[in-house]
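This is the structure I have questions about; it appears just below.
We call the chains A, B, C, D, E and F, going by the order they appear; numbering starts again at 1 in every chain.
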Amino acid sequence: MKYIVAILQPDRLDEVLQRLTEKEIHLVTVTNVLGRGRQKGIAEVYRSHKEAGSLLKKVKIEIAVNEAFVKPTIEAITEGGRTGQIGDGKIFVLSLDECIRIRTGETGGVAIG
Amino acid sequence: MKYIVAILQPDRLDEVLQRLTEKEIHLVTVTNVLGRGRQKGIAEVYRSHKEAGSLLKKVKIEIAVNEAFVKPTIEAITEGGRTGQIGDGKIFVLSLDECIRIRTGETGGVAIG
Amino acid sequence: MKYIVAILQPDRLDEVLQRLTEKEIHLVTVTNVLGRGRQKGIAEVYRSHKEAGSLLKKVKIEIAVNEAFVKPTIEAITEGGRTGQIGDGKIFVLSLDECIRIRTGETGGVAIG
Amino acid sequence: MKRVMTRVAGLGLAILLLGILPVFPAHGDEVAVEAAVAAVPPAPTVDTGDTSWLLISSALVLMMTIPGLSLFYGGLVRKKNVLSVLMQCFMITCLISVQWVLWGYSLSFGPDIKGLIGSLDWFGLKGVGLEPNADYAATVPHQAFMIFQMMFAIITPALIIGAFAERMKFMPFVVFTLLWATFVYDPLCHWVWGVGGFIRKMGALDFAGGTVVHINAGIAALVSALVLGKRLGYPHKMSPPHNLPFSIMGAGLLWVGWFGFNAGSALGANGLAASAFVVTHVATAMAGLTWSIMDLIFNKRPTVLGIISGAVAGLVAITPASGFVTPLGALGIGAGAGVICYLSVAFMKARFGYDDALDAFGVHGVGGFWGAIATGLWATKSVNAAGADGLFYGNPGLVLIQLKAALITVVYSLVVSFVLLKVVDLVMGLRTDEQEERIGLDLSEHREAAYTMLD
Amino acid sequence: MKRVMTRVAGLGLAILLLGILPVFPAHGDEVAVEAAVAAVPPAPTVDTGDTSWLLISSALVLMMTIPGLSLFYGGLVRKKNVLSVLMQCFMITCLISVQWVLWGYSLSFGPDIKGLIGSLDWFGLKGVGLEPNADYAATVPHQAFMIFQMMFAIITPALIIGAFAERMKFMPFVVFTLLWATFVYDPLCHWVWGVGGFIRKMGALDFAGGTVVHINAGIAALVSALVLGKRLGYPHKMSPPHNLPFSIMGAGLLWVGWFGFNAGSALGANGLAASAFVVTHVATAMAGLTWSIMDLIFNKRPTVLGIISGAVAGLVAITPASGFVTPLGALGIGAGAGVICYLSVAFMKARFGYDDALDAFGVHGVGGFWGAIATGLWATKSVNAAGADGLFYGNPGLVLIQLKAALITVVYSLVVSFVLLKVVDLVMGLRTDEQEERIGLDLSEHREAAYTMLD
Amino acid sequence: MKRVMTRVAGLGLAILLLGILPVFPAHGDEVAVEAAVAAVPPAPTVDTGDTSWLLISSALVLMMTIPGLSLFYGGLVRKKNVLSVLMQCFMITCLISVQWVLWGYSLSFGPDIKGLIGSLDWFGLKGVGLEPNADYAATVPHQAFMIFQMMFAIITPALIIGAFAERMKFMPFVVFTLLWATFVYDPLCHWVWGVGGFIRKMGALDFAGGTVVHINAGIAALVSALVLGKRLGYPHKMSPPHNLPFSIMGAGLLWVGWFGFNAGSALGANGLAASAFVVTHVATAMAGLTWSIMDLIFNKRPTVLGIISGAVAGLVAITPASGFVTPLGALGIGAGAGVICYLSVAFMKARFGYDDALDAFGVHGVGGFWGAIATGLWATKSVNAAGADGLFYGNPGLVLIQLKAALITVVYSLVVSFVLLKVVDLVMGLRTDEQEERIGLDLSEHREAAYTMLD
């Protein structure tokens, strides 16, 4: 099992979620985050003072999947999240040792979906 | 050492924190997140327009523990977080390679608690 | 590759980011979190009612790095984040199996930076 | 779909008919209104300055409830319950306005029945026209007086919300509010302000509603806190105010609106209005300052929740006195309000352990009581010849009269509020179930969320 | 750096000159003004009470737009677009104020040309002095009447924002607004309220702007929703109101401010003002209540977005009727508004599928239309001798006149708004590109973010 | 527990005594008040329309500070400091109100001593009764004039907060404010508006407080920015406004409230009030528009922070001129304010590098100075016979007088503010320590947090 974390442009979230659905990956957790990356982003301007804007709004999604779903997940995120502009974000894949469904107490691969 | 991530119903957080305390697991980090799962949740209605409501408010907790505490932690979360309804969430267990206490620089198992 | 997660005092974030920059670690993702730790924090008072204040505002940063950067990253965080007071937070190091840059589809060590 | 459409059509028709219905009574009192209007042109008594002041005062008092009080209270609750509080305030505004037009005004100010209640002669505002009613206000249209009083009838039940916030079901709340307005507020209003009302005849002074509004609402608040019981997790596992800036904004609007409440009660733009305006402001400022000093003494730091609570306490306390005291008297009343309400909120509540969620009793009940007594201390005929002298001006008797009026209010409000709550509880159940309270009333009672998380 | 400085200097100079420029016309009309002022001291006609009421009413109507309406709308959009809505409201306030001073007031109220438009004789407020203009308001300074009307000219285009929110580019919006004010609002205003205006002469009743303001803006809203097309993801992938407390706050301020709008339209602090104040309040309360009942029937739960929408619908519907109906008539109008606007928002919009983002058409267009008809039903001379009797008072003819006036407004607003939108679209393009819409207008159009995430 | 109770009891007693104390002076001036009141009934001079206008204007000016200015400023700071700003505004309101009643009003408007200061004869409002004081306002109760002026005394120090926001300790702030009100505001107020005041006698025009309020506060702001030094991380590591909608809401309320400030300064509901109302609105709109154009030129996009800053600059600039200029003159003044304040905020501040956190100097100091000069340019007796003609009406001398008055204000405010700040710094230390500044003033100074994160 893998624990996939991806950082996205906020306005790509809808697209990514839809691509995931198309690949039957329904379960996702979403968090508002701020990111510092290569992208300098759209600089905000307040009373003519340009914000260095080092921290940009991003969205983080987390998805736990069985091995078979790793590739489709990455594909869905890459396709839905890509604009080709700097700042599109990253996908990180970590190993997941165990997964428990709180409601039933089920564990492992069956609990993940 | 393990890094335990759990997604909970927001209204179960208090209960879970209390169960954790009872098992002497004090250190927790909490984040507001949105989740898409099997649960369709309480649909919100705005001017008679029902929100598809695909993203529901959830709470994520993260706990780094030594091996001995893995089972009690999972138990505490499962007991405190379970309502038996769809949407109760999941627990994910990842391997933790290292842990450092910023204040003292201590590392490993002693730093975790 | 490692996935480094650190919990910080909010007012140390700027300092930590700067130390990271000095060590050429530019890419970071930041999240608002709440933490329960040993620190009892500055207790808030509302109409003379002292808040137990078990959950304190913290900031979480996540950094994916190649092995060579693990030590500098930890140093930067430790130096920038340390006040010597209880509540300074922790650094957690997890193994990272894979990293993909969404924009280009690059993978592995080259995608991380 | 078709079923929905049929329902819609049927319903639309039904309500339209209902909408048209009012025309019949309207026809009924057309003569009366016409007569009244016929009388208006020659009526030399409507003063434009006084009318201007009473109308804007009415607008200010509405602003006290929405958005003033609703923000003040809304900011203090948890994020998951903010809409429920805002909804309660808004619903009260709508509901009581209609009740007041239909029977509330008539019960309160209509032709007196044995000093106890107004008759229903003015049902649907029959005979309440545009000419002045000299019994109440000789220089403004009667309807202007009526609408000014309506705003008081609205804010009073809204104050009670502070006690039962975060745990009362919505439909029982609506029923309770309607009953309470009719059986508690309207009679009390008649006693104190109605021509022929028996407390009015006792000689008790209540310029702008210390007893009718604040003691009354404060006591009903205490009763509902006790009947409903504590919120889950109270007192140790509650989270703090979810949006203090909202509360501060609300407090600011309350302060501004309260000039309409108190100085508007002069029912004209004259010296008395100016005096009421000044003492209202001075007492409020002093009470805010005093609460900050108490904060400094007990918690080492003045807090912003403290200073706004103090200001509201000052506004409450000066209310009955606002037409009778000098600015220096107002300093005294404000200082007293700051000390006394602070002690009641910080120590008395903790001591007795009731869950008066937003301190509706601690501020309005206790502050209102202090105001009633304080009027008996500082009132002076030098400010208002129609008033009376108080203890500090050589007439200790006034304090006793004030105390009597206050106690009657306490007892009546306590008993009837209790009965009404128990009745509604029996029939509908007042309290949300545990699961819903945990989820929060916004979602469980209204299917809405106050804020979104994503963009 | 140097280049910037030169630019600054040059520009500063240019604008300073521009700033000084107005002095020349000022010199031009100095004589007129002086003459006017010379006439003031003896003028016994300025009534201080009426003037006080009209000035504060003007302030209240400004408060309806900023912060009232802007908060109401701002709370309903997504987080990433809230500033764009607030900016549009603020910009309209600035822009139309200047337009009104220069030519808007003259076109609307200036000396009549064939019943169709005012002449430009009052360009730059030439001759609009401090003495009363008896044609419009005999007891207040002419400039007070002018500024009161200005506030109406401001809020009307601001209402339209609700339809095209979240997807219109800013500069085309500015151009469209300026054109619309000049070619739609000003002529209509002249027709209905200007001395000599042809709808005014038809005998149609519109006390405070049902046709001029609400039907007019509502129709323009519908047109812009259709011309601009749906937002990306509409209707299934939209997120809910980002900050409902803002909207509730805004609704409260709208309600309070609307007293200036309607009761201020009596142009004096008299019985008629009091009557307008009362019926405004009553209809609003009733409409809020009615919407809640509809919510209860169709969705099982009263919602707070529902009750505030109902209240606004009630305010809209009572507007044309506010000087002509009794409080009971107001109950009827309010109930009708609640039902009809509910149905239009909940079913009609879904049925036809246009994206009227914040229901500007559903509430203002539909509610305004209902108000125009309802005035024809419930109007009675017993309230206002200068008015007329409606259907329920034995005069069915009035309904037809009202209908005619409403339809003329609909047609004119529809056609001209459509043409103007199409022209601006052709020249500048109305709609943001997809990428910018996704990012949100705050950042893409204004380079600002409404909220920060960290401390 | 027992110790606490004893302390409470002792303290309660002490403060109650303190509360009762005021009665003694009250007894003292009872005669005066009574005499005054005795004189009221026959006094035919209180005009209800004028009184209505002055009272509502006073309420509007209070609304400018709370919630207006406090929201405007509160939205612009970082999340961790918002309460500290709101608290400072609220504390000033309470503190200065009490100061004004005790000695502030007497120093400012009391019987003149050599043109320099009022005597303490009116300490505790002795002799300030309900009859008009013809020296200041012949048609309204003297206390109404007093309370109207109090609101000005409140907002002036509140403006300064913008400069030292996010880094000043609370207790020293309180002490500084009290000293500044007494030693800077009160004397200046006397000079310009007090009967016998020497600037007043110079013939300088300041209708509603350009020098006394804005230049004065602006200069004190600059001085405090310099004395306190820059915030940590300024200018590169600051985060943007934490809640722009709050600031926009605040700006809207400021605009609405400013009608009370300027048109209320006519001290009656007459042609002059209408004129002041109109020019205030027009200049503000023009300044907002102008700032947007500057934004467009320099940053390619109009911003909402820009347009509201421009509007406030316009309000500031028109203040001294508001009783003396035509609407076209107001367009000129507004345009000038937009350009000049824009340049000062965007370029001058960056150039000189002082940390005027929220541009209190850039907007109020610079805008106030421009307003003083502009009054000398556009003033015309055709608007106000009691005024004077300016440069554009053939009298260049007025500019010089205006300049002189402005410069006296600058020098006095600068020197005394500096001395007071240094003294307070020496005794208590003005600035929070680094750690506390980093944590944020809300938590470190007040032990409160503005917002919660969880439900």
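By definition in this document, a contact is a pair of C-beta atoms (placed from the backbone, for glycine too) under 8 Å apart; a residue touches a chain by one contact, two chains touch by 3 or more.
None of these values were measured; they are calculated from a predicted model.
Chains making contact with subunit A as well as with subunit E: B, C, D, F. Listed by label, the chains that touch subunit B and also subunit F are A, C, D, E. Counting every residue number used by either copy at the subunit A-subunit B contact, under half are found in both chains.
When the contact pairs of A-E are matched by residue number across B-F, A-D or C-F, over half of them reappear in C-F. Of the two chain pairs examined here, A-F and C-E, it is A-F that is joined by more C-beta pairs in contact. Centre to centre, using the average C-alpha position, subunit E and subunit F are separated by 32 Å. Averaged Cα coordinates give subunit B a centre that lies 44 Å from the centre of subunit D. Touching two or more other chains at once are residues 47-50, 52-53, 56, 80, 237, 239-241, 243, 269, 299, 301, 303, 305, 347, 440, 447-449, 453-455 of subunit E. In subunit C, 10-11, 30-32, 34, 44-46, 55, 57, 83, 94-95 are the positions where the chain touches two or more neighbouring chains simultaneously. Taken as a graph of touching chains, this assembly is fully connected, with contact between every pair of chains. By the touch criterion stated above, subunit D contacts subunit B in their complex at residues 80, 233, 237, 435, 438-440, 443-444, 447-449, 453-454. Every residue of subunit B that touches subunit D in the complex is listed here, in rising order: 10-11, 14, 32, 34, 42-46, 55, 57, 83.
Subunit E meets subunit C in the complex at residues 453-455.
Contact residues of subunit C toward subunit D in the complex are 44-49, 51-52. Residues of subunit C touching subunit E in their complex: 10-11, 13, 30, 32, 57, 59.
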